[in-house]
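Pasting the structures in now, so scroll down.
What follows is a pair of complexes built around chain A, which joins chain B in one and chain C in the other.
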Partner chain A sequence: MAETATREFLHNLHELPHTVKDACFRLGKAPESEREESQATFHNLFLHIHSVRVHVRTLKPTLTFGLGLMATASFVITIITGVLLMVYYKPSTDLAYQSIKDIHFTVSTGRFIRNIHRWSAQLMVLVVLLHMARVFFTASYKKPREFNWLVGLGLLVITLALSFTGYLLPWDQLAYWAITIGSNIANSPRELTDAIGITKFFDPGGFQKRLLLGANYVGQDALIRFYVLHVFVLPLALVTLLGVHFWRIRKDGGLARPEDPMGGIAEWGGERRPVFQPLATKTYGLMALVKGKRPPVNRGPENTVMSWPHLFWAELSVFMVTVAATLILSFYWDAPLKELANPAIPENPAKAPWYFLGIQELVSYSAFTGGLLIPVIVVVGLALIPFLDRRAEGEGIWFGTKSERPIFWQSFFFASAVTVGMLAFTVNYGWLRNWFPNIHQLWIIAINPGSLLVLIFAAWSLFVLKRKDSVRLAAVSLFTCFLVAFTILTYFATVHRGPNWHFYWWPSQWPLH
Partner chain B sequence: MSRLDPPRINRRSFLSLASLGSFFAALGTAAAGMLRLPNPAVLPGPVRRFKLGSPEQFSPGSETAFAEQNLVLFRDDEGFYAISSTCTHLGCAVSRSKDGFACPCHGSRFDSKGSVIGGPAPRPLPWLEVSRAANGDLVVNADNEVPEGTRYRV
Partner chain C sequence: MKDPSRIYRWLLLVASLVTVGYLVGAAVHENYLAQWKTVQREYRNILRQKATDDRGRELLAKFRIEMKQASIPALGTVDRCVTCHNGIDDPRMADVEQPHRTHPGHILDKHPVDRFGCTVCHHGQGAAMTFREAKADDVFWDYPLLPPEMTEATCVTCHDAGKLPPEQIPLLTTGMKLYQEKGCGSCHKLGGRGGALGPALDNEGSKTKHQLIMTNLKPPHTTWDWQLAHFRDPGGVVPDSQMHNPTVTQREALALTVYMLSQWKRDVPESYLAPDKIDQKYHALHPTPLTGEQVYQQYCAACHGNGTYSRWDKKFNRFVPAIRGVSLTSTASREYLQANIEQGRPGTQMPGWGPHAGGLLPEEITAVIEYLRSSAAAVPAMTALTLRGDASNGLPLFLRNCAGCHGMNGRGGVAPEIGNPVFQRAATDEFIIRTIRNGRVATAMPAFQRPEAPTFGDQDIADVLAYLRTLGEQRGQKATAQNVTSPVSSGGRP
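Moving on to the complex of A and B:
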């Protein structure tokens, strides 16, 4: 009957706003009961990577400082701004520089978007490093989280690779020379193969360099390779690995925490109350599948709260803080753009981005050791931590094992003294070639201030192992030494290295050239 | 062989293991084959043979820097020689200093014959092959190294 069909149609039209809303938001209103809150969580693709309830310790800002989330947030920001930049950027040696100039000076909001991309990328590197430090110092890598520590290391490497490949794209002087240096570091195993005279038969260095550049020099082939890596391969790899990272956090039973951190007493918002009163819904059955330290059902008060809204408020705030920080940075500071790349005249000094400057300082003594060997030793060392330190203690507590704090401070001062001393020594007295002009190249490769630091720190860590009889404390001392040396070397190369890699107290003393 | 003492692996699981193994072997070979693609078979790039002009332009005792070609041409009493001005450490362009060459990137120093006298450079600056084109112009082949001390006489 036409009558009713028309009426039905009009009725549906009238109801349209409601039906669309109901289709999009299945609950249709803010959740009120815990049952509805859990449904809000697991009926949503983006929220359901969270468990329905979280432990109150996990929500304490001082456990994680939101660092992992900040890394995620800054990654999301770089993705969005990066896609916007792709609209104008042209990966060709003739056009790249001009297109960045256009973005910077002509395109509306171009400069702002470029700044945001640049600063959030740098922020990401910083917070990923800090996140790793927090995971380490809260001993959160222990069983069953060893695998996630490895996944995290993969994320760290990809993050660094992303920023390295992005550095070439503007095709300015800084880009050209930093990547020339970087790709020759890939070539540097030749120092070793040359010194023992086997380069003709076995040349891993040359292979790596050609793979990276597609040529023997930084040109169009290099630019397109870096572009493909930067906008596709590496982001995809990062997103994939990030998925695994988050998945593992769930499967490992949420963030690391001690067995019964609050002695059976529930606390939330200043009051003591039993929080976990299981309702008879199958919602909680889902959680029972989670392996590890899950909130047990029917075992009295538990210190968990609903993820909705507590966890989501916390996450939203971290996101907002990250966005605000990048916006402020981008508002006040412009991303640098030097002159067009010129293969005849190097930028002087040609400095890599700040997080590679520690490596650049070591490279200035010998390329293979400082640029490849030591970074590889560091990454392998970091990867081994959760497999060598296996005793279950102190998980999820800052400096949670006995005498961890004093060992941290001792290592802190020890490493500071050794690193500063080493740098002061080389600045004042030079290095091997200044004393033995005809020294064999193998010595130059072997004895780098960096390799000496590695040996000294390893010895210190062994000493702690023996004296304190604790693997965790040995790991703490080694990790602290690494962090301190990394920070000091980075600072030193950023501030105190000028033209010709000479030492200057301040950049204002650099000679004009 | 009895029911109480079964073989460690039966035919069925042996065959499935073998087929699984060959599947992964084939997959790995295919992947490795494909991954050869990024390894350039032919290195692109301009020919690095440079015509630098007629020999008369360069007086004995002179030295001329060719920044774009990254080399310096010398003429002394014994003849011509050319030294590459690409640092052997990590590839920056060196510039002339009082006692030879200095690299701006990590402070390598070379004497005026290209030998390393300081810094991290692993090798001396290469000497490059000098020859003449049909029209008599000097030609430097930047891809061909010659032993230190080699001169080209006109």
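Moving on to the complex of A and C:
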């Protein structure tokens, strides 16, 4: 008896690697048949959000450029590095800066980890914007994907908020003054309430700013608020919405694509056969239903492949490309860390994070228009796109509608010319306040380079709508104008705005204070 | 069918190789190749060579390659300089190369590293682990490493510079003396005492490079480079500076720079202060009055010179009167001088020097008045003037004879502002009459009633006086307003 138990024990010990493996992996081996491949997909918590088979178009690199996955990958990277940083970071105005310095100097590869966090966060913002552009220009927001477009917009806003809240945490001069500028943008409705003299009774700008900072200035209250948002609230919200985003991709039938054509040559069970074209006047009875060797009736060529392994190779490779790109950036360029935050020594120019610099440029014309009105118009406009453009055409194809590409290029050059022209005019000749020093502020709120840009772009879009008689083309023209203006304004404010927000050709020409 | 995921597998392979490569690279770069580890390996070799006796062998055996730091919570510093400066308190290391060398002098005997750290004296970024970042003159850090000869500036954090042996702080002592000799206090406040033309200098040493105009200087932009350049040529560093060229040698400029760097009200715990520093703080609250001559030298001389001549100041664009001239001190009353010193001359560069303005003690103002008057001759008796003047007759006389120098409405020009409210309040009729009659020796002010050829009769003088008195009424408001907006150089800030 004892001998058998001992033998059994030894046997189990010997088998331990196999039994543990079997317990962990339900399939227990590399899948060999399509059935096992499908099991590998839907028996795995992380993979089962994919369908078992995907359309080959999904795997075409130039359809998506992997942008959505890249955004997800950079988010995963920021989560991992963020948790590591959280171990050392102390969210207090007295300790924060020194803790970042310690991460740089004494934590083993701490500087590298912080660089990765910083770079993947920047990459995430950039890639999310590009992803939005991709979805728009492949018309992938159309029915039934309207809701996912809205979820995506929510994710864009959360991404910007995550990046913005993270900006403050190092508590250096860059952080302090960028957030001061950012919170002043939140304060911008006050320009309007001041102009019509109701700030005393109704002050939404001041309320927004206090809600953001917990005080009237950037201090300990703001730091702890930003910290809680950055490490808990916003990541949780982002993960939740991301789950919905993925789930809806699956439920909406994968990536948007055009209908497969009927007929032609089908590849079916390893053989290539012409597809049988059913005649409308004839019935084919059970021939249309039976499995096995039968003519493929009433269907196009089989254009799907197994998700395992093809889709997963693609996803893994995009993930690793993102990791590699982030590592390269982080190896050569350090995340910035300026002097300890000092409220007595303003940075000049104090600039918001780069993705808000376009808004800051508009705010320099009019706080209310640039800081509230135009961003609201842009977000609402983006949200309305799938509900105003509802004709099913061109889904899943870059510039898929007729004459979409020419309209894109026309809008591209039109918007570039208008934006550059407007900037050049403003820099050279000033604006209403320079010409009529005593003019009422309401005039400037109403008429400024920002509001004029919006009006010109809207007029252009209406012109396209009339001339081309297509809602989609009007949307393309407007969206292109928005992208171009956003890019040019961001570039302009980053490179050509110096101390006191004056124009300079290059930062090297800034006067040193 | 072509394998649809072939390109992705290649991509995955390349990206994974790059990833692994950079991860390994970063691990090696940040750990094994870290500068401080190389330095410590070098130091261990030196220890090995010097391990000739028991003590040396014991130090070698104890030596570990690890990060070292002096963490001083009381000073709020964490100084990791000793990670590379391993031999800093080992006297055997006096002859080896930096960074292994012993600290020069005997300073560490009384200032052990584990109690004081390094940056409290040397500045620099103590937490850094590379020399470039510790020196911090081209990284983002407010207080980069002080050059060795300027390090004495920080002694005053805990010591009274006046009580330290001058040979240990040669530059600081010289700088302190120069500050008084050059009369810097005429325009700058220090400890609440001094003029108002330039910025107060109490926290000059705590300024960062971002608070100074660096446009005309070459990088790296350190505050001491700014100070050095500024002492040689203020206007060349700060455009539109009103500061006079201090005419100093390079070494004197260096001494003044060190003195400026020492101006930093840094909070350190009481237990770190030398007894003389505590005495100094007490004396700052209970100052001993200076003599009249000292006050004149430190607070008046920079503008008024030795006070016996009047001059035209180009930078001020204004006439600076001879306040020790015999004809002023012999005619001006004590009250007149006191009012002018305590309240200054609004609208001119002359600030007030009373306890709430320039910070001079009442005793010192009395003393400096005595000093001004020490050159005065006996005042001859004056025949009283009892005539009543008529301002409307005085006006044409004023325009013909006075306005050319004193300006329309007496608002000043090459000669003092006699429409000034402080002048109007403080100057007695007798003082004005006496000045008109006798003029001012060694200035452009002529005597208008010389016995041999009188320009004015007694009635003329009375009329001019009556006219002058109307100026105070007209200009009172305006002069005050002008004083508020008078251009004062902002010194360092743009």
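Keep in mind that, in the parts below, the second predicted complex is superposed on the first by the 471 of 513 C-alpha atoms of A that agree within 3 Å, B and C clash if a C-alpha of one lies under 4 Å from a C-alpha of the other, contacts with A are read in each partner's own complex, and residues count from 1 in each chain.
One rule holds in what follows: a contact is a pair of C-beta atoms (placed from the backbone, for glycine too) under 8 Å apart; a residue touches a chain by one contact, two chains touch by 3 or more.
In this text, all values refer to a predicted model and were calculated from it rather than measured experimentally.
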Applying the document's definition of touch, where does A:327 land relative to chain B and chain C: first, second, both, or neither? second
Touching A:211, do we find chain B (first), chain C (second), both, or neither? first
Check whether A:194 is in contact with chain B, with chain C, with both or with neither, and answer first, second, both or neither. first
Check the residue A:337 against both partner chains and state whether it touches chain B (first), chain C (second), both, or neither. second
In the superposed arrangement, which partner chain does A:88 touch: chain B (first), chain C (second), both, or neither? neither
If we overlay the two complexes on their shared chain A, which of chain B and chain C does A:309 touch? Say first, second, both or neither. second
For A:345, using the defined touch cut-off, is the partner it touches chain B, chain C, both, or neither? Pick first, second, both or neither. both
Is A:61 touching anything from chain B or chain C once the two structures are fitted on A? First, second, both or neither. second
On chain A, which stretch or stretches are contacted by chain B in one complex as well as by chain C in the other? 345
Along chain C, where are the residues that touch chain A in the complex? 1, 3-5, 7-9, 11-12, 14-16, 18-19, 22-23, 25-27, 30-31, 67, 78, 80, 127-129, 133, 140-142, 208, 210-215, 221, 494
Chain B contacts chain A in the complex at 38-40, 43-45, 67-68, 70, 89-93, 102-107, 116-120, 122-123
Okay, in this complex, where on chain A does chain B touch? 177, 180-181, 183-185, 188, 190-191, 194-195, 207, 210-211, 214-217, 219-221, 225, 343-346, 348-350, 360, 363-367, 430, 433-434, 437, 441, 444-445, 499-502
Would you tell me which residues of chain A are touching chain C in their complex? 56, 59, 61, 98, 101-102, 105-106, 108-109, 111-112, 172-173, 267, 305, 309-311, 313-314, 316-318, 320-321, 323-324, 327-328, 330-331, 336-340, 342, 345, 511-513
